[in-house]
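In the two complexes that follow, chain A is the common piece, with chain B as its partner first and chain C second.
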Partner chain A sequence: MSLRSPLGKVLGVGSAKSGVQHWWVQRLTAVALVPLSVWFVVSLLSLPSFDHATVVAWMSGSWTALLLILLVLTCAWHSQLGVRVVVEDYVHGAAARTVTLVSVLFVHTLIAAAGVFAVLKVAFGAAP
Partner chain B sequence: MAEFRLPANSRIMKGVTHAAPPGTRAVRTVRIYRFNPDSGANPRLDTFELDARSCGPMVLDTLILIKANVDSSLTFRRSCREGICGSCAMNINGVNRLACTTATRDLAPEIRIYPLPALPVVKDLVPDLSNFYAQYASVKPWLQTRTPVPADRERLQSKEEQERIDRPAACILCACCSTACPSYWWNSERFLGPAALLAAYRWIIDSRDEAGGERLDELEDPFRLYRCHTIGNCTDVCPKDLNPARAIAEIKKMLLERHS
Partner chain C sequence: MPPRPLSPHLSVYQFKYTLTTSILNRCTALALSVGLLLLVYWLMAVASGAHAQARAARWLSGPLMKPVYAALIMAFCYHLVAGIRHLVWDTGRGLERAQAQRSAWLVVALSIALTLLIGYCAWLAGARAP
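Right, the complex of A and B next:
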């Protein structure tokens, strides 16, 4: 039970003076994902076949590799921003929320790094 | 974690049925959420069968009829009975609205009435609005200026400047919008909700107000403002046909412009 006034609770520790950046970058990455996703799907579907050699040859192209890296990074970034909002919405309690948010950030960073590494490895012709 | 199931003492039980008076030809069934904090019992859903011909046109008329003739312990807020005080906001057939401006003939044959969602219930249809009012107070809903008042007149506005705030200023603080917002359900202690944000917007765009920057500073927060995910229930349910969703979007735009 708390005898704190309702206004005291609402004012709390004040405004964070942030949130614009998160909101704006989420929209920017969403816009960037439209052409990247369309290119990815169209480009994959126009491959003559999906066997290993064809796909590796496709990924070794400079433009393909470049756009794939952008796609992986933008996807991971956008997803991290979105999942962060979901966690803030539904996970209550400062400790649980902080731990979840940090894990979300780490997992997304790992996925992004792994994706970029994979594209580079194929693009620069290392034996699979 | 989020709670998706009501706590055990909030689950609604079967209530009592008050049968229609003998000789009733057209029966109107009204089911009403009842909760009495003194009894220690769970909330229940009571059924009132009424003579449709004795009911007035609005849902509020029906509630007053029940209180006068069937069960005087039925508790609800009402005052102006013409949609301007905002007291009788409640959840009627699944939608937050004012009982006094909702015609019974527009509703399905059976009427179900609950208090506004996701607020602590004081008794029956009376929710605790302390947090809601504190959120309204927190946006400082009054004129703030540095320029002294002109000695010979009021602070003037052009006609266009008045028209900009005309609609947002028509909010009656009934709380239909905020309590219809899922984001508000999950985070009402930190998200200000559509009603308070509409009030903040009304003062930010007021041509006479000189504290717009400070007002935006106070709103620039991942929870206070950015919990709004443009769901739009607020605008859907507003009994005064206002547009809190658009007001919130405009606030977000102003914040962005300030940064770029």
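Right, the complex of A and C next:
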């Protein structure tokens, strides 16, 4: 027996839509970020300095580059899912909410792409 | 449609200290999103060469940024520990009131300890650097 009212079905409200996917990916990225973020903090703390040569040498390591890319991607995804919920909670009005949600998505995509690009550029020895 | 009350219904709950741990989780999450912006800005600066990195480092290592990094370390520690608490809740454990109140204190204590540990290591690293 369905508990949805006929009016609700016509208006398309009240269904789960893709809520479970959002919840599940938020958890998956959270689990992945536990080791990734701890690794990142520990390796930043063990860098002898932050001058260009040292940082480039660090980022050029294959595993470092790989883990940095995974960190930036997972972090951006997790952050986008989280900020989305905050916007849905506090930004009211269909137009304002849609514009904010699209901007949040675009900014996070830009951050993820820029992070991956920067790490690959350094890792492949193309940083001047 | 008639105006209806919208979530998150902030005003209908009686205040309990466990509420603070939930609000702090969201606040630290937003702080860490800003931290991600800083990280990617720094990565792009490194990728643009020694000159660009030095230009970015001029304000990234300025005195005004010290409190920002301290806040980010605190936010990271809190969000990490509180996030693990959420993952435990997702398995259906620890949801009783007494358990949630105990784990709230545990989250605060662990995140303060972790913050102090990272802060001490960062201070050591700073003292070691030329």
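Operating definition for what follows: the second predicted complex is superposed on the first by the 112 of 128 C-alpha atoms of A that agree within 3 Å, B and C clash if a C-alpha of one lies under 4 Å from a C-alpha of the other, contacts with A are read in each partner's own complex, and residues count from 1 in each chain.
Here is the rule we use: a residue touches a chain if its C-beta (ideal position, glycine included) is under 8 Å from a C-beta of that chain, and two chains touch if they have at least 3 such contacts.
Quick caveat: nothing in here was measured; it's all calculated off a predicted structure.
When both complexes are overlaid on chain A, the residue A:V20 reaches chain B alone and has no touch with chain C.
Contacts of A:V91 after superposition on the shared chain: chain B is touched, whereas chain C is not.
Note on chain A: of its two partners chain C and chain B, the one contacting more of its residues is C. In the superposition on chain A, contact of A:L28 is made with neither chain B nor chain C. When both complexes are overlaid on chain A, the residue A:L70 reaches neither chain B nor chain C. In the superposed model, A:P48 lies in contact with chain C only, and not with chain B.
Of the two partner chains, chain C is the only one that A:A114 touches; chain B does not reach it.
In the superposed model, A:S79 lies in contact with chain C only, and not with chain B.
Once the two complexes are overlaid on the shared chain, A:K9 sits against chain B while remaining clear of chain C. The intersection of chain A residues touching chain B with those touching chain C, taken from the two complexes, comprises 89, 92. Only residues 27, 30-31, 33-34, 37-38, 41, 45-50, 52-53, 55-56, 59, 68, 72, 75-76, 79, 82-83, 86, 89, 92, 111, 114-115, 117-119, 121-122, 126-128 of chain A touch chain C when the two sit together in their complex.
Partner chain A is touched in their complex by these residues of chain B: 1-2, 130-131, 133-135, 137-138, 183, 186-187, 189-190, 192, 217-227, 229, 252, 255-256, 258-259. Across the complex, chain B is touched by residues 5-7, 9-12, 14-24, 85, 88-92, 96 of chain A. Considering their complex, residues 6-8, 26, 29-30, 32-33, 36-37, 39-40, 43-44, 46-51, 53-54, 57, 61, 76, 80, 83-84, 86-87, 90, 118, 121-122, 125, 128-130 of chain C touch chain A.
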